[in-house]
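First chain written, first letter: the chains are A, B, C and D, and each begins at residue 1.
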Amino acid sequence: MSSVLSGTKIAVLGGDERELILISELVKMGATVVVAGFPKAKVAHGAFAVSSAEEACKEAEVLILPLPGTSQEGIIRAVYTEEEIRLSEKAITSLAPNAVVIIGSARQYLKDWAQKYAFELLEIVEMDEIAILNSIPTAEGAIQIAMEETAITIHGSKSCVIGFGRVAVTLARLLKAMGSDVTVVARNQGQLARAHEMGCKKADFPELLEIIKHNNIVFNTVPSMVLGRNILRYANPDTLIIDLATQPGGTDFEAANEFGLKAILAPGLPGKVAPVYAGRILADVIPRLIINEMTRMKKNILFA
Amino acid sequence: MSSVLSGTKIAVLGGDERELILISELVKMGATVVVAGFPKAKVAHGAFAVSSAEEACKEAEVLILPLPGTSQEGIIRAVYTEEEIRLSEKAITSLAPNAVVIIGSARQYLKDWAQKYAFELLEIVEMDEIAILNSIPTAEGAIQIAMEETAITIHGSKSCVIGFGRVAVTLARLLKAMGSDVTVVARNQGQLARAHEMGCKKADFPELLEIIKHNNIVFNTVPSMVLGRNILRYANPDTLIIDLATQPGGTDFEAANEFGLKAILAPGLPGKVAPVYAGRILADVIPRLIINEMTRMKKNILFA
Amino acid sequence: MSSVLSGTKIAVLGGDERELILISELVKMGATVVVAGFPKAKVAHGAFAVSSAEEACKEAEVLILPLPGTSQEGIIRAVYTEEEIRLSEKAITSLAPNAVVIIGSARQYLKDWAQKYAFELLEIVEMDEIAILNSIPTAEGAIQIAMEETAITIHGSKSCVIGFGRVAVTLARLLKAMGSDVTVVARNQGQLARAHEMGCKKADFPELLEIIKHNNIVFNTVPSMVLGRNILRYANPDTLIIDLATQPGGTDFEAANEFGLKAILAPGLPGKVAPVYAGRILADVIPRLIINEMTRMKKNILFA
Amino acid sequence: MSSVLSGTKIAVLGGDERELILISELVKMGATVVVAGFPKAKVAHGAFAVSSAEEACKEAEVLILPLPGTSQEGIIRAVYTEEEIRLSEKAITSLAPNAVVIIGSARQYLKDWAQKYAFELLEIVEMDEIAILNSIPTAEGAIQIAMEETAITIHGSKSCVIGFGRVAVTLARLLKAMGSDVTVVARNQGQLARAHEMGCKKADFPELLEIIKHNNIVFNTVPSMVLGRNILRYANPDTLIIDLATQPGGTDFEAANEFGLKAILAPGLPGKVAPVYAGRILADVIPRLIINEMTRMKKNILFA
């Protein structure tokens, strides 16, 4: 057991298997961890399980909320409990002064509270490091769906990846490595140059109409309507569409259904297909974030 | 429609989606195809569906049996029919003289009949071409099982491939391409040199005991007891074992169960995970075999 | 012959084999191309070879200067002529109004002139598309040097890539694909996450001291002194250093020499190792740039 | 220093940098090593340098000759000496009884002597392990030549590998990994299936005529005239031919020259491009061979 976080009080509210792995790591690093939304038996020895958000948050210097965040009403996803875990204003105000709140992505109300109550709000889902590490289970999960839903092999298939951000780069590489003939569709010429360097074919959006006629599997990563009715109309009837963009995805699912195309919206894959891996990412990155944040604050105090 | 097989009568007895694809190809090449074990509606337009093996075989110059072959009693696997399709001696004797019989692998009784009734028996499951092409869906199917049965990603996993024959080479390459840290266990130094060239670690069987302590996924391809009780005893408790060797595999499943290890025997993957792909292999290879065989026989007759 | 650039007068001043390929493409697209710094015999049929920069620039709507740019005094690298080709203020002022000047990267005097004489200055060497496409011959050229200068194979070597920008990403992938054990050294956590996803090891700069003790080949892409005396002191004596950063590189070459280390500064590889490929990049990208630029200007005029 | 070979007298006659590495390894393993064809200063401390083959062979239990073997007259390639090292019958007869003689490949006279004087003759160049490990520097050396001799990049090139034996498999993988579009030309359907699995295109020899029209680089590994005048006549004039087959290769070099094609015969690459690597292979494999051989002989004596 190390002691880097010794004496730091950390609250963890809700989550799934991933947070269990994170909690265990935080305990190992010497933190005082108080959790709500987990039965005592599940939680690492050394952490304290309490029954409400308010209780957990009391004087916590760090508050960790799950990657999927909260509902508009503050309800927190907590798979191990039947009870509702809710992030109330009262819970927030009971945090220690200058607390750090870590969450996947925050709704507006939480951002407002951060201003009002002067706590540090860290949204981590869009951090490059988290997003790129999570792209690995996302890509593998997408491949798994493709394997389960088609009667062909990835090897020798014609696939298409729409968009070329963090998930798409990983997915394109994996498809290519498995022997698929991959076309990357993107607008940015630099991204297309990279796709070319990686051995993929490249195309601009207007070409999508032609590409979709001859493809076996189409993966979308763009969170706006790129696979609309006017495109899907031309799709090879055996095409499988896997949409990885944030809900509601970038596919007209109604049209797809009408044209008899199989289209699957698959958000949140890391937590589903590889929870242990995804948990290890949190356990790797979050303690580092906390330490950096606290070092920074100490400096600020010192030089104030 | 081509006419390479024009005038050739071919009987197809039983099978699954793969044979449907093969039948369709044979019809396209001009053959007269008579099938048993398939409902009329499933079979490609132009093929004739009859109800018994005897009827189908009558004067057929080529008889095609499914890859899994027959039971000891001659029962043929035919997934589209409730009725029993049986390869009787009578069916065999009604074939045309010098007929060619194509099967995955033949039981002794069929080999005896080949002698007695002077037909050409081609066992294709062990042909390099078929075996290597089938290794692709086998490897992908094995990966799919690994993905479904573990909470980690293939990327970053420690995997081990036992044996280095046709399936193992493909599987090792795929695992490596997906970012797994692969150790190949084999006896043959040439095979181990090839594994090294492919970027895998290499080990001899005595080292298996040590390897299994630290591995996430173990794939066996050797059809003899290589993962016995004395080895499994040392396995990392989270290890997943996927046995791809011909039934009954090379794992002591009872011992695995006793030690709480998840061990899966997964034979016949191509037909299960990628029937269309596997059907295309048959449609690609079998007509070529038939043509070669008939050319050879004509030459023999010519020079007789 | 197409006519997309029909009627457009383009001047090309100096350069090497790459510009010859570009000139040929511009002529094919219908442009009126006037060049200085090339003998008539070398230049594509249809282009006009003149003897001075002034003459070439006269009323040109587009002026293309070589990727390496000009000296402080305006001297242009022109490998096919003995005569000095110089970009004078007079040449610039003889361009057509609103001309577009394309250059690798511009010195201050040229930027000042762009202001003064109101021409559009496009510096392309840092454009993502050019930089990424050029990273391919750069990476291959670096590998070629490594092959020529070591007595080991890339396969099985321990290599290290410092920095993880456009060239480094391509180089790391290539080394990895060839079977090297690659460590990426960078500061940015997102870049390190990507390196990990690509199968590389990752390290921060303070670890460089340790890494260099056990490495065979070190590739630097960072244009600041990262391989200083205090690091080189610890290098494995057989280490080969290949510095790809812009002159003067990021290596203390004097110290390297003192410690008996082989260190090579290798700028401008694309034009050296794969001029035809590098020329095709220019021929692919520059006409597109010109068309975009002219469309944009027409719109501006229209809406002015 | 280990002692596995303690007390074993080993003679090494001639060779190059590779043998120096082997000698050093044999000394480390405790053998008594006597060498001819090397100056004292070059040889590992602990080995004995003598001046004639006869002297070195005296009572040696093992005799190691270089991979390229001897001339018809017994002359041994020895790069470090001006003097002629010759394997005489007298040298052979002065070996210990039941000696083991290790050589790349043996000429007929040596095979006859093996019979006559009852020594064990091991020809190692064709051993799978040696041949596959040596295929790595061979493939890299071939790539290096391609890089040096063309103005294009391997990435994006169209290449062709003729034959699909041990060297060709390695070379095809490397080309593919570097982003070339690779076609494998072979007769054997199993080999072509493997090429397909590895992501290469496949073709039969009659298609070579068509392929050569559009290829940038052709690598031959077949030791018979496969690139004859009638094929070369159709080659793309920019094609580079690299012939890796044993001398005299499989290319009609005269015809190539006549048609203005660049064609390079490149035998023995491992010793040239990566002597240290190639030496390590010998240092890894040969001691193992010796130990196996001696264990086998002891058993024979025991059970005689």
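Note that a contact is a pair of C-beta atoms (placed from the backbone, for glycine too) under 8 Å apart; a residue touches a chain by one contact, two chains touch by 3 or more.
No experiment lies behind these values; they were computed from the predicted model shown.
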Weigh B-C against C-D on C-beta contact pairs and write down the one with more. C-D
Most distant chain from chain B, judged by the mean position of its C-alpha atoms: C
Using the average of all C-alpha atoms in each chain as its centre, how far is it in Å between chain A and chain C? 37
Interchain centroid distance [CA atoms averaged], chain C/chain D, Å: 40
Roughly how many whole angstrom separate the Cα centroids of chain B and chain C? 52
Touching two or more other chains - residue numbers and ranges from chain D: 136, 155, 179, 197
So that we know how the chains sit together, what is the shape of their touch graph: line, ring, star, complete or other? complete
Note which residues of chain B are touching chain A in the complex, please. 17, 136-137, 140-141, 143-144, 147-148, 150-156, 174, 177-179, 273-277
The residues of chain B that touch chain C in their complex are 155, 179, 197, 199
Enumerate the contact residues on chain A facing chain C in the complex. 127-129, 131-133, 135-136, 169-170, 173, 188-194, 196-198
